[in-house]
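Here the chain labels run A, B and C in written order, and each chain numbers its own residues starting at 1.
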Amino acid sequence: MFDLVAQSVFSGLLAGAYYALIALGLALVFGTMRIINLAHGELVLLAGYIAYTAESRFGLDPLAALPAAIIIVALTSVIIYLLLTRIRVDREINSLILTFGIAIMLTNGILMIWSADIRSTTSGWYLDSIIIGDTLFAMNTEILFAVIGVLVVGAVWWWLSKSWYGRALRAVSSNRDAAKLMGIDPRTTEILSFAVAGLLASIAGIALYSGKVIEPSLGHSLTIKAFIITVLAGLGSVPGVLIGAVLIGVAESLTATLWSSALQGLVSMLLFLIVLLVMPSGLFGRTRRRG
Amino acid sequence: MMKYLSLIIILAGAYLAVPLQFGGNDYVIGIVVSALTIAGIAVAWAMLGNLGGMISFGHSAFFGVGAYGSALLAMNAGLPVFPSILAGGVIAGVVSILTMPTLRLRGPYFALAMLAFAEIFRILAIEMRWLTNGSGGLLSIPRLPTVFGFDFGSRLGGYFVVLTLVLLTVFVYWLIRNRPEGLALRAMHDSEDATLVVGVNATRLKAAVLVVSAFLTGIMGAFNAHYINFLEPDYAFNGSWTTLAIVAAIFGGYKTLWGPVAGALIVYLVDQFVFKAIMPSGHQLILGGLLAAIVIFSPSGLLPWLASRFRKEAGDAAHP
Amino acid sequence: MLLTLDHVTVAFGGLVAVSDVSFSVSEHEVLGLVGPNGAGKTTLFNAISGLVRPSKGKMTFCGHDLTGIPIHKRARIGIGRAFQVPQPMHELTVRENLIVAQHFGTGHSNPGKIDEILDLTRLGHKANRDAASSLALTEQKALEVGKALATNPRMLMLDEVLAGLETNGKRAFMQTLDDARQRFGVALLMVEHDIETISNTCQRVLVLNFGKLIADGSPEEVFRNPEVIRSYTGGETA
């Protein structure tokens, strides 16, 4: 029993680091522009399919598809931003609806190009398992992307808090007009944050493809997962994303082990609603009003 | 006067011309029934959006609850179908009380909290096997009855029932919109203090609109259950009941009375008869594109856009 | 007594906006509230109508303790409020604005009284026009008073409703207020900058300075009070 729980927590931790990769792009855009990009999950999925094409058509390793995925996904992300700037009224709600529409387009675009079949990697190394300390079991891909996930969270956190661009981005998000007076062009920084969100989605997409199965309708649930983690983290907290993601990962994994795998989704939804309704600023966020 | 005349023409067309023209074609009538089902959800959804200022991504929860509620009452308690459709709506309305804590949340948070509720209901419908038979679904749900020799269980009968339900939904919406409560709700988003100092209790009104919207959505779900005689969680709680209703309402103009109905008919019929013929898979791509385009180019929707075009032309004609 | 304030203090964090104020308003009275900018007049109004909560003291209105009464219920017991910056209800016509105010402020509808208010505020010709976009400033202010009247108030609080109006506009507006008082028997509690208007209309004047009540009496005595004069001139030069 103890071994089972330990294994479950371990798998949950690994899943959490991977979830953080999925959520980070959405959290970044949400934190800096207060826009929820409902097409974020589809961007992740798009990168996954690019990795699939690279592997099945050109015989490349999924990771080798990263440059191509970054170019295509970041470009798509920036196009989404440019469309968002065309919204004139009711920005909050209309940006939600616009990105929702784009999500439907991407899902169906993927369906047309790659068909509804389920795809997964054929590269054996990723799915091979290793055993750590005689008892804990994991797939190579889980370990690899958990490490990448932690590193990427660290890099984004450093980038936002220490680099010049990160500061400019924060300046724009706290006061657009003041930032303009300081000579910062809000558009440039916002395009950059969408491009970086695209980059993050690309890494997440490769992780998704090399460890799970992909199908065109998956994007929606990826977006929801990313949003749940963002809410758990609280607005503007990068380390919070990792902790929120790990929390979800472990909670899901324990639910599956101790109860039933069908109830995994229920647990993360309940966690989401409880945090949303009871802890208005998330677990680690700055104080703000949602009511 | 013009208004009443056009209403009469539309009603005559809906009740007489459509059945006369397509009555024998079950395929066409079936698709029109689906379009009207979505129209009903779209009106109920738009009522919450327009009056309550709340965009919900979780109306499939109420649709599914209404469907299961009515089907189970008819199957297990032997309730006649029409009363059980009504009861399905009531159950959905009662269940919406569970979601009321979300009314405190602002825009996108409310939208996604409702989505979470919809997901929870879907999982519960799968897991509560003793009640819902889980993923196996419910088979042979009683069909709509034959009344005075007319078989409402036929495709055409279903058409008359759903058409009447949609018209009643619009009528309820119209009644509420013009009552002081509806006026206060419409004013609330932009003028919160102004409504407060004259004594409007915003929270209670929003809660009431949520219940009514859930009730009307549940009715559509209940109708649908008896129309197709089969339910499973992934169908009844499918997110596309919400998606299609949102696309329809936004496309037609969710702040207008008839916009959601017009939007549902145009979007769904064109999608099924035109786009689907051109590209059998992925034809909803165009719906997504439409939604994006309407938000960018005419955020208030198609009907207000047409109305302003019409007014402009009438104005140009009057003053050349 | 209609309204009684008993040692009311309103503080925001460390900042005391209204300090230990006590006064009362009787039925049908016309009471002016004056004082230099930042003296706490609007805060005091907000406390009475429920937009802010006093940190100390007690307020009663017609025997109701106001402490536990939420803002939307204060209209029901007879407190009407007109804002300094008119706040028409958007998306509604002028008449619909009044219908909403009447329905929620009184709990029943009375179309006759709506017509009466439209007539009194001279808004009859714009009754079916959009309230937010088609009214001039004077008309928006008239609607502000009209909405408050539609809730059937026993006391009407007017926050600088004359500000921004021309002399003729002011005169016409004061006439409207006087008619309203005659016809509906409401007491008026008005914040106003224009001392001449206050002297001409009010039976009694309260003066606030730095959140404290420094004078309470007839216009003649109050405006001769050296402390009041000092507060005004001090306020001007500082």
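The criterion applied here is as follows: a contact is a pair of C-beta atoms (placed from the backbone, for glycine too) under 8 Å apart; a residue touches a chain by one contact, two chains touch by 3 or more.
Only a predicted model underlies this, so the values are computations on that prediction, with no experimental measurement involved.
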{"item": "By count of C-beta pairs in contact, the leading pair of chains", "value": "A-B"}
{"item": "Furthest chain, CA centroid comparison against subunit B", "value": "C"}
{"item": "Core chain by centroid distance, with centroids computed from Cα atoms only", "value": "B"}
{"item": "For subunit A paired with subunit B, centre-to-centre distance based on mean C-alpha positions, whole Å", "value": "32"}
{"item": "Chain centre separation (subunit B, subunit C; CA means) in Å", "value": "45"}
{"item": "Separation of mean Cα positions, subunit C and subunit A [Å, integer]", "value": "53"}
{"item": "Where subunit B touches two or more other chains at once, by residue number", "value": "none"}
{"item": "Residues of subunit B defined as touching subunit A within the complex", "value": "55, 101-102, 104-109, 111-113, 115-117, 119-120, 123-124, 126-127, 239, 243, 246-247, 250, 279, 281-285, 287-292, 295-296, 299"}
{"item": "Residues of subunit B touching subunit C in the complex", "value": "180-181, 183-184, 186-187, 189-191, 193-202"}
{"item": "In the complex, subunit C residues that touch subunit B", "value": "49-51, 71-76, 81, 83, 87-92, 96-97, 99-105, 109, 132, 147-148, 150-151"}
{"item": "Touching residues on subunit A, where the partner in the complex is subunit B", "value": "36, 83, 86-90, 92-94, 96-98, 100-109, 111-112, 115-116, 220, 224, 227-228, 231, 260, 262-263, 265-266, 269-270, 272-273, 276-277, 289-291"}
